[in-house]
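Chain IDs A, B, C and D follow the sequence of writing; residue 1 opens each chain.
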Amino acid sequence: EREPPELGLIRKPAAFISIISDERGQELMYAGLRISDVFKENIGIGGVVSRLWFKRRLPAYATKFIEMVLMLTADHGSAVSGAMNSIVATRAGKDLISSLCSGLLTIGSRFGGALDEAAAIGIGHKIKSVNNADLRVELIKEFVIKNFPNHTLLDYALAVEKVTTAKKDTLILNVDGCIAVCFVDLLHDSGAFSRDEADEYIKIGTLNGLFVCGRSIGFIGHHLDQKRLRAPLYRHPADDIFINMQDMSQPRVLAKPA
Amino acid sequence: EREPPELGLIRKPAAFISIISDERGQELMYAGLRISDVFKENIGIGGVVSRLWFKRRLPAYATKFIEMVLMLTADHGSAVSGAMNSIVATRAGKDLISSLCSGLLTIGSRFGGALDEAAAIGIGHKIKSVNNADLRVELIKEFVIKNFPNHTLLDYALAVEKVTTAKKDTLILNVDGCIAVCFVDLLHDSGAFSRDEADEYIKIGTLNGLFVCGRSIGFIGHHLDQKRLRAPLYRHPADDIFINMQDMSQPRVLAKPA
Amino acid sequence: EREPPELGLIRKPAAFISIISDERGQELMYAGLRISDVFKENIGIGGVVSRLWFKRRLPAYATKFIEMVLMLTADHGSAVSGAMNSIVATRAGKDLISSLCSGLLTIGSRFGGALDEAAAIGIGHKIKSVNNADLRVELIKEFVIKNFPNHTLLDYALAVEKVTTAKKDTLILNVDGCIAVCFVDLLHDSGAFSRDEADEYIKIGTLNGLFVCGRSIGFIGHHLDQKRLRAPLYRHPADDIFINMQDMSQPRVLAKPA
Amino acid sequence: EREPPELGLIRKPAAFISIISDERGQELMYAGLRISDVFKENIGIGGVVSRLWFKRRLPAYATKFIEMVLMLTADHGSAVSGAMNSIVATRAGKDLISSLCSGLLTIGSRFGGALDEAAAIGIGHKIKSVNNADLRVELIKEFVIKNFPNHTLLDYALAVEKVTTAKKDTLILNVDGCIAVCFVDLLHDSGAFSRDEADEYIKIGTLNGLFVCGRSIGFIGHHLDQKRLRAPLYRHPADDIFINMQDMSQPRVLAKPA
C-alpha cells in the first residue's frame, strides 16, 4: 500500500520507511523513474547516483561531475591504508567482499574522508606544489569553471590558495579540498536543492559516499590483481616493528591486590 | 629481484607487486593510462573499471555493458538482506562505511553473487514469468544482441529458457543468469582476453565485484535515506522470533563430567 | 631511533611500535608475561585482557569483574540490531566472520556502546523498573559492593537513581550505566592506574571493547544456531516497508539544466 | 508465545527461530539457564560459550579447555595479517569496531582458520622445531592428556609427528593442528554430543569461532595500543611495492573494437 488505505481498513504501521527505490511493481523504479527510462533517457551512472541518493534529476553537468569524481578517486596506488588492507586480506586468502570491506573500514577522517569534516584541511600537500601541480586538481577546476553556473566556493578556495602558496609552495588546494568545495558549489547553486537540503547532504557524509564508491573500484582491482598474481600470505617484517617493553617496566602500583 | 638492477646496485626485493595503478610520477596512471588521458579519451567509468580490473582497453560496447550492469544492479529495494543490514546499522547510529560494510557482508552465493558460482542457477524466479517479464533482462538482452560481436552463451541460455518455460512459466532466464552469461560472452568474444584469462577472471569473482560496485550505490543511498528520515534504533518484533526451547530439552548425556 | 643501537650500527627506524605482545622469542609473551606463566599463575581470560589492553597485572577482583562483564554482555536475544544483522548475513549464506562483522558493525552509540559516550544515559529503561529489576544490574552491584575497595561512582549513581525512580519507576540505573560506572570505579580506585591513564582508557573506548568481546560470543552463537537450523535466505516482508513517494513528488526546481 | 498456541488461536508463523538465549522474561536466559544461575554455578566464560554455542552444559575439563584456547589464541604479535590491518585502520583514525573488523576479515584458511579446513595442515612450522618447541603446544598437550577422558586423535597426531619429525625436525604438530585435534577429541568423547552433532559442529566452523573470539582480545588490544601511542596515518613505503608495467605491455588484441 503506497496510498492512504481504503476506507475502513486499518493498515499495520510499517517499521521501515524507504524513499529510494521500488521493486514491487511491473518495473523496478529508481526514485520514481522506471528502469527502462533510466536507459531510454541515458542518465548514466551519475544519474543513477542522483536518483538513489538525492531522489531527483540533476542537470547534466552535475551528473557528469559525479562521474568525474568517481573516476578520479577510483584508485591512488597500493600504498594507502585501504588498498594495503585489501591486499593483505586478499593475500590471507579471503574472498572479494571481505577484502574490500577490510579496506573500506580504513576510510575516514585521515584517509579519504578528510573533506567531510572540514574544508579547512583542503590546503597543503606533502609532495605536490605550485610547480608540481596535481593533475587531478587541474582537471576538476577546468571542468567546473567551464560547466558550473556558479563556483563561488571554488573561487574563494583559489583566492586562499594564492595567499598560502605565496608563503609556501606546497600549500596548494589539494584534490580532496578541490572536490569538496566544488561539490558544495554544486549543491548550493544547481537550483535542485534548498540551502537546508544542501547543508544536510554535506553533513551526513555524502562526499564520503562518493569517495567510497569510487575507491571501491580500486580496492576490488587490487583484490583481483593479487589473486591473479597468486600472492602468498603476507607477514610484516619483524624488524619494522619496535616492541617497546620500556612502557611496561614502569612500576605499576598495585595498592590493593586481592 | 624482479627487475634488472642497475649495475652494481642490489635492490631490496619488494614485498608487494601491483599492476593496477601508479601514483608516483608526475601524473596518476591507471594501468598505464594517464589520468588526464582518461578524461581526454572519455573512457568513462566502464573504461576505468576495464583498466583497473583488466589492465587493458576494452571495446566501447564492453565498457558500456559494464556501466549498464552497474546501473541495473544499483538497487533492488530495501527488503533484500544487504539493504536491510545497511538500514539496521544506520538506524543503530553507525557511520556510512560501517553501514555499507554491514550490508556488503551479506552478498554471496544466495544474495547477489549467485552467478559467480554456477550458470546453472540462472533459471527461475519467484515472481517474474513469461507473462510478467523482468524488464532488466529485456534491457540486457536487447543491448547485447545489438552490440556484441558474438553472444553464443546468451543464445544457448535463451534456448534452454524456451525448454524450461514450456514446463513452467516462471522458469525464465533471470537477471543474474542473463548478466552472467553475457559477461562470459564478453570475456570470450571481445578479442581482448585469451580463453585462459577469461576463465580466470570468471573464477576469481569478477562478476561478483561488478554487483558489489553497483549495489554499493544503493546501500549508500539507503544509509543517506535513513539518516535524512532520522530513523530510530530498530528492534525486531518479539513475536516474529520463535524461541525454541524444545531443542534444548533433549536429554544431553554427560557421560564423564569432571 | 627508539633504542640505543649497538655501537657502530645504524638501525632502520621501525614504522610500527607495539607494546602488547612479543612472539619473537622462545616463548610468546603477553605484555612481558610468558605464556607458560599465564597458565601457571592462572590469570584467566580477565588476566589476559588486563595484560593485552592495560599491560599490567590487575588485582583479582578486577580481572573477575572483567570476566563478569564479558559473561553478562555475551548475549541479549536475537531481536537487537547486531544479532539480527549476524542472523540475516548467516541466512544469506555467509561465513562466520562475515556474519559476525555484519553484526559488530551495528554496535555504537545507540546499541551497546552507549556508555562510552556519556554516563548521562545510564538511567532509564523501556521495560525494567523498580518492581521489575534487571537481574544483571543486581549481580553487578552485589559483586562490586562486596569486592571493590571503593565504588564512589556507583554509590553516586545509586543516589541519583533514588531521586529519579521517585519520579518514575522505570528511571532505574540500567545495565549499561551500571557496568560503566563500576568500570570507572575500577580504573580510578584499583591503584593500578594514574588518573590520567584511567581517563584515557575511558576516552578511547575500552568499555566498548569489553562489550564487543562479550557480545561476539553471542553473535557467533547466532551464526552457528542459524547454520544448524539451515535457515533460508531472509527477505523482509514487503508490507513492513512503507515506500514513500510523497517525498519525491515535491516540485524540484531545476533552475539551470545543462 | 513460546508454547503451542491456545486452542482456537492461529499464531502468525515467525520468520526467525532462535535457540540460544531468551531475554523476554523476568530474567535473561542463556540456553535455558538463568543469568543468575550462570554466576551462582560459576560456569565461567567457557560455560557461557558452551551454552550459547552448544546449548548444553559441558564437563568442567571441556569449558576449561575452551578458556585455554581463548587465552592461547588471544594474540600473536603485530606482524600477522589481522593485527596489521587492525593497526593500519586504527592509524587511519578509525573507531574500535571498524579497526577490529578490518582485522577480523583477514582470518580464514591461511591465517587463523587453517584447522577448520583440514587436519592435514596441522603439521609443520616455519621456525619452531623439535628442539625449539612451541610452548603453546606443550601447554595444550599437557592439559588434554591429564584431563580429557579420551584423546584418540591427539595420540594419532603425535604418532604422525614422530614419523614426520624423523624426516625433518620442523615437521612438528603445530599449534593450530594441536588445538584442532584436541577439540575434535572433546566433541567426540565428552559424551555430550552425538557423532553427527560433533561432525556438524566441526563442519560449520566452530573452531574458527573460538580463534576469532580469542584473537578479538588481541586485535582490540592493538587498537587501544596504537591509540594510546597516538600513531599517525601509515603509508606503506613506496620502495616495497614493485609496480610491474611489464604485464601490461603485452600486446592485447582488440579484434573487434566497436
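In the analysis below, a contact is a pair of C-beta atoms (placed from the backbone, for glycine too) under 8 Å apart; a residue touches a chain by one contact, two chains touch by 3 or more.
These figures come from a predicted structure and were not determined experimentally.
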Neighbouring chains shared between chain A and chain C, ordered by label: B, D
Farthest-lying chain, centroid of Cα atoms versus that of chain D: A
Distance between the centres, which are taken as Cα means, of chain C and chain B, whole angstrom: 33
Distance between the centres, which are taken as Cα means, of chain D and chain B, whole angstrom: 29
Separation of chain A from chain B, taking each centre as the mean of its C-alpha atoms, in whole Å: 19
Two or more partner chains touched - positions in chain C: 15-19, 22, 24, 77-79, 97-98, 101, 105, 107-108, 234, 236-238, 241
List of chain D residues in touch with chain C within their complex: 15-24, 26-28, 30, 34-36, 38-39, 44-45, 48-49, 52-53, 67-68, 70-72, 74-79, 87, 95-98, 100-101, 104-105, 107-108, 132, 135-136, 138-139, 200-201, 204-206, 208-209, 212-213, 216-218, 220-225, 227-229, 231, 234, 237
Of chain C, residues touching chain A in the complex: 2-3, 12, 14-19, 22, 24, 31-32, 55-62, 97-98, 101, 147, 149, 190-192, 236, 238-245, 247-249, 252-258
Chain A to chain D touching residues, read off their complex: 77-82, 84-85, 88-89, 91-94, 98-99, 101-103, 105-111, 233-238, 241
